[in-house]
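Below: the structure, in structure tokens.
Think of it as A, B, C, D, E and F in the order they're written, each chain with its own count starting at 1.
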Amino acid sequence: MNRHQSGGADTAGESRPIPPRDAVTALGLPAAALDADAKAYFEKCREKLGFVPNVLWAYAFDAAKLKAFIAMSDNLMLAPSGLSKLERELIAVTVSSANHCHYCLVAHGAGVRKYSGDPKLAETIVANYRAAPLDTRTRAMLDFAWKMTVEPWGIEEPDRAQLRAAGFSDRDIWDVAAVAGFFNMTNRVASATDMRPNEEYYSLGR
Amino acid sequence: MNRHQSGGADTAGESRPIPPRDAVTALGLPAAALDADAKAYFEKCREKLGFVPNVLWAYAFDAAKLKAFIAMSDNLMLAPSGLSKLERELIAVTVSSANHCHYCLVAHGAGVRKYSGDPKLAETIVANYRAAPLDTRTRAMLDFAWKMTVEPWGIEEPDRAQLRAAGFSDRDIWDVAAVAGFFNMTNRVASATDMRPNEEYYSLGR
Amino acid sequence: MNRHQSGGADTAGESRPIPPRDAVTALGLPAAALDADAKAYFEKCREKLGFVPNVLWAYAFDAAKLKAFIAMSDNLMLAPSGLSKLERELIAVTVSSANHCHYCLVAHGAGVRKYSGDPKLAETIVANYRAAPLDTRTRAMLDFAWKMTVEPWGIEEPDRAQLRAAGFSDRDIWDVAAVAGFFNMTNRVASATDMRPNEEYYSLGR
Amino acid sequence: MNRHQSGGADTAGESRPIPPRDAVTALGLPAAALDADAKAYFEKCREKLGFVPNVLWAYAFDAAKLKAFIAMSDNLMLAPSGLSKLERELIAVTVSSANHCHYCLVAHGAGVRKYSGDPKLAETIVANYRAAPLDTRTRAMLDFAWKMTVEPWGIEEPDRAQLRAAGFSDRDIWDVAAVAGFFNMTNRVASATDMRPNEEYYSLGR
Amino acid sequence: MNRHQSGGADTAGESRPIPPRDAVTALGLPAAALDADAKAYFEKCREKLGFVPNVLWAYAFDAAKLKAFIAMSDNLMLAPSGLSKLERELIAVTVSSANHCHYCLVAHGAGVRKYSGDPKLAETIVANYRAAPLDTRTRAMLDFAWKMTVEPWGIEEPDRAQLRAAGFSDRDIWDVAAVAGFFNMTNRVASATDMRPNEEYYSLGR
Amino acid sequence: MNRHQSGGADTAGESRPIPPRDAVTALGLPAAALDADAKAYFEKCREKLGFVPNVLWAYAFDAAKLKAFIAMSDNLMLAPSGLSKLERELIAVTVSSANHCHYCLVAHGAGVRKYSGDPKLAETIVANYRAAPLDTRTRAMLDFAWKMTVEPWGIEEPDRAQLRAAGFSDRDIWDVAAVAGFFNMTNRVASATDMRPNEEYYSLGR
């Protein structure tokens, strides 16, 4: 809601207090002093992205937790894989759409824009991946990720067989499962703590 | 997906044929010749918005249906009401978020940007209206719209009482119900026909 | 509950006040003076049906809203279409069954009785359309309407293909979608306002 | 669907074969020779009700199963209880509405008409018990039965406390639970076997 | 929670009062004096099982209800059938898993251990029957029981056809439906009354 | 299913091939050579637990993934926290119950037995945590974990307020969220890959 907009029926004012500048969640957990590794990592974020993602500030109250989160996140999203970086971001957004996770839709919608150069694709996946013009491989991958999210107990051999038929190796299937699983974690941590995305994400890649 | 991006793992090609320029849905229902009223209305859209919304082209195969849709839509979204135009767009996006409707999230996300001047608000409501900083009135309104969408059989007097407590008159409650009801219709018509939003919507108001 | 039945354990008394004779919803929105068109329309209802449906009285607080509702409703339910009037009523009842909408099940259950002459069919569709002895065409149509209602984000090309395989043209598919969409609107407006069916509907066509 | 109605768009023909006269379910389980007790019981049904409910014919392939079903059913629905017979029928219909059970809605909708003398009440409960004008006691009872049906794992002490606050004794609570539980069984046996209600039920008590 | 474990963060103390020794539900319904048949039956339980199942004590406040429950339960679980006793217990546990019924998972998990001699199988079915190594017949049977439990309105001829294709006769299908239906009743009676399993069940058959 | 049990109706044979000894998932991803750290860690598992949990073997195809998983898992389950180790296991089992995750219910059911010494508590939480005799603190914690699992978009300030009212600090709330989030990840990775628990888990702590 535009805070500068003056009153009348078009104004929806804020009833929740504006959090202080550095409040990245609803929890009072200020960042601890960063160790050398974390400092270097945050510096790299500023160089590459222009800012430090709030999820890292959220974990920064505890050095070991921050380190473990970065290690898993970077391994899943950036390490060599049969899945492209765009594909991993598409999984992130599809899972977050099912879970209605504000932080992750904003941050990884930006990720889809970054790797695809296509803001329309990002906005379509946020809404409903079924409405996007996807090839068979991508569609099979996102069907699997959606089902893992909303009905994990029902995933069985035929679901894996569909991925194999679409060209995914068993190692690729692991990666689809691991990325979809990871965002089912981060979506919930973000929702449970009211994690707020950096302002910069909204315009990134547009 | 950026169609111009060359191959490799980052490419998610299209398996569905690109629809011809004027294909606004998956149904083969070409627009009929427009009558004078429709022509004038479409012209007004081009002037004000820069283009004719695809939903109107979708209805344009039949003059009477187009006219009835425009009459109801304009009455709900533009006629005098205790609800501001922004509030009506917020309802549209909240309902469409629950229904994962691609067309309506894109078109009415743009509507929220237009009336609020706040792209971040639009993106937040698309994701999860609960994550937006809303005043008590707006929050009560969107809670009612969400419940109407996902559990309409459970709406009862206490739900209406919450709206009244938040300052809504009975006439306002009708308008909340009518707008939320309307998007539960259009969401479903859009999904059932694979209605595609105009390209222009994606960047409108950013 | 029979109000004349005397006490004891068999009496379930009313805790909600009996609404006054002309209260058709829980909202205090008295009908405005009807314009000539509305008067004529209401008169026609009395002639054909014996009464004016309460949904019209509900909209009658505002002439433009009443007019827009009548135009859309009549176009969908009565205008020429590849769908018979009975088929459109069957869609209305199937959608209303999924949404547990009291007003619409009573009013359109009567509609099914009127056009089919078969009270048993009406009662079966109210309960569960899958239990009715339906031909392939009708069954495909109601499967589509049900899915549109409970999982609209999941409607895709294979769902439309099933309608085409059952003999529906693209124009027919539009009409199925438009009617099913419409009752997803009216169900919710009725539930949101506690709209009460006319007493006459209960026995109509029995 | 009126089978005698001739063709055109208003005809929804049967694709499923008309079952033979005595086929009360989709299973080929002909009734065994009735023993003396069953004969007497069926005779009493004919005297009191005018016909033998199809559910009894469905169980009649096995004398022991028939006997056990009658014993439990009669105990729950007819034996002395703090719940009136009407209240027990109201529970039956509410549970069957949540489960969309055709057989039970038709048979016990007739039961509500029988004990209340109020066809409108029956039709309202079939649609949505929340729309009926119920006293606090009846409403609390049906809220409990609905929750038991759709979310049994969530029933806890506060749910029982609401029944006690509405005047139910612990013995009454048992009876509410037992009747609601029983129809969750019969709904499912009826749906699983495509049990068909006797034609006579549709008009009973109107 | 081990009541003997001393404090600290590892202690999760009880806030609900420990029910007296013979309290088998949350309802104050003490057992009535047992008649001769019930006494003999309870004695047989003690001989065969080592104890009287709490569900029988729960019904024992009323001789007719106890008798009717025993008759139906024994007929379904012990009478001759095309389903083995193990298969009937597997249905019981699968249904109870979908319904998260504590009493029935504990009691019939023990039943699976008893008839299969395989504690791992029991624990797997409690968690998710899809994860167990089952033959085609058993899998088809449990798919049917699960669907009957979570979506009874959707059971139709193709579901029965899958059972027939897996070798089930129509009589067997009845028994699958009757057993799955029965546990949908008992699960709900147990949850609605907070029925507590006998301590002995937990270790039975391990 | 007891494989040694001979035929007849009590036999439910395996249709899925018995996986080879070291197949811990449905994916063909053999463990890579372990590095020194992993070897030491696995050795420590054998010493403390008697075996190496299959989830570690599942990740062992890739040294970096194994290391990242161990780091996060150990930090969440074993590092200092306001939550006891038992409380963290209770969250694990509650989340896994909602998700019907076989691997995690077996492995962390054993975890609850280990830290509570109370097999009945473990079996109760597997079935339905609401049926366990829990103190206010533990109950609030598991309510939060359940809601995070089944309706993460609905977690808001009042949910956090309930934890604070039950004595949890903001740091404790983070830990509840992080542990509940983590098992929403591992449940899905386990289900997506058909991960099989070690045989030893079933009897551990009984």
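The criterion applied here is as follows: a residue touches a chain if its C-beta (ideal position, glycine included) is under 8 Å from a C-beta of that chain, and two chains touch if they have at least 3 such contacts.
Remember, predicted model here, so these are calculated numbers, not experimental data.
Enquirer: Enumerate, in label order, the chains that touch subunit C and subunit F alike.
Expert: A, B, D, E
Enquirer: If you tally contacting C-beta pairs, which pair wins, A-C or A-F?
Expert: A-F
Enquirer: So which chain is the furthest away from subunit C, centre to centre on CA atoms?
Expert: Between subunit C and every other chain, the largest centroid distance is to F.
Enquirer: Please tell me whether the contact surfaces of subunit E and subunit F are same or different in residue numbering, using the over-half criterion.
Expert: Mostly same residues: over half of the interface numbers shared.
Enquirer: Would you kindly tell me how far, in whole Å, the mean C-alpha position of subunit E lies from that of subunit C?
Expert: The answer is 42 Å.
Enquirer: Averaging only over C-alpha atoms, locate the centres of subunit B and subunit C and give their separation in whole Å.
Expert: 24
Enquirer: Among the residues of subunit C, pick out those that touch two or more other chains and give their numbers.
Expert: If we look for residues of subunit C contacting two or more partner chains, we find 16, 100-101, 128, 153, 156, 191, 194.
Enquirer: What are all the chain pairs that meet the touch criterion?
Expert: Pairs of chains that touch one another: A-B, A-C, A-E, A-F, B-C, B-D, B-F, C-D, C-E, D-E, D-F, E-F.
Enquirer: Please give the residue numbers of subunit C that touch subunit E in the complex, ascending.
Expert: 128, 130
Enquirer: Touching residues of subunit A toward subunit E in the complex: what are they?
Expert: Per the stated touch rule, the residues are 153-154, 156.
Enquirer: So in the complex, the part of subunit F that touches subunit A is made up of which residues?
Expert: Touch residues, subunit F against subunit A: 16, 26-29, 61, 64-65, 67-69, 71-72, 75, 79, 99-101, 144, 148-149, 152-153, 155-157, 159-160, 170-171, 173-174, 176-178, 180-182, 184-189, 191-194.
Enquirer: Under the touch definition given earlier, write down the residues of subunit E that touch subunit F in their complex.
Expert: Residues in contact with subunit F: 1-2, 5, 8-16, 18, 82-87, 90, 96-97, 100-103, 105-106, 109, 115-121, 123-124, 126-128, 131-139, 191, 194, 199, 202-203, 206.
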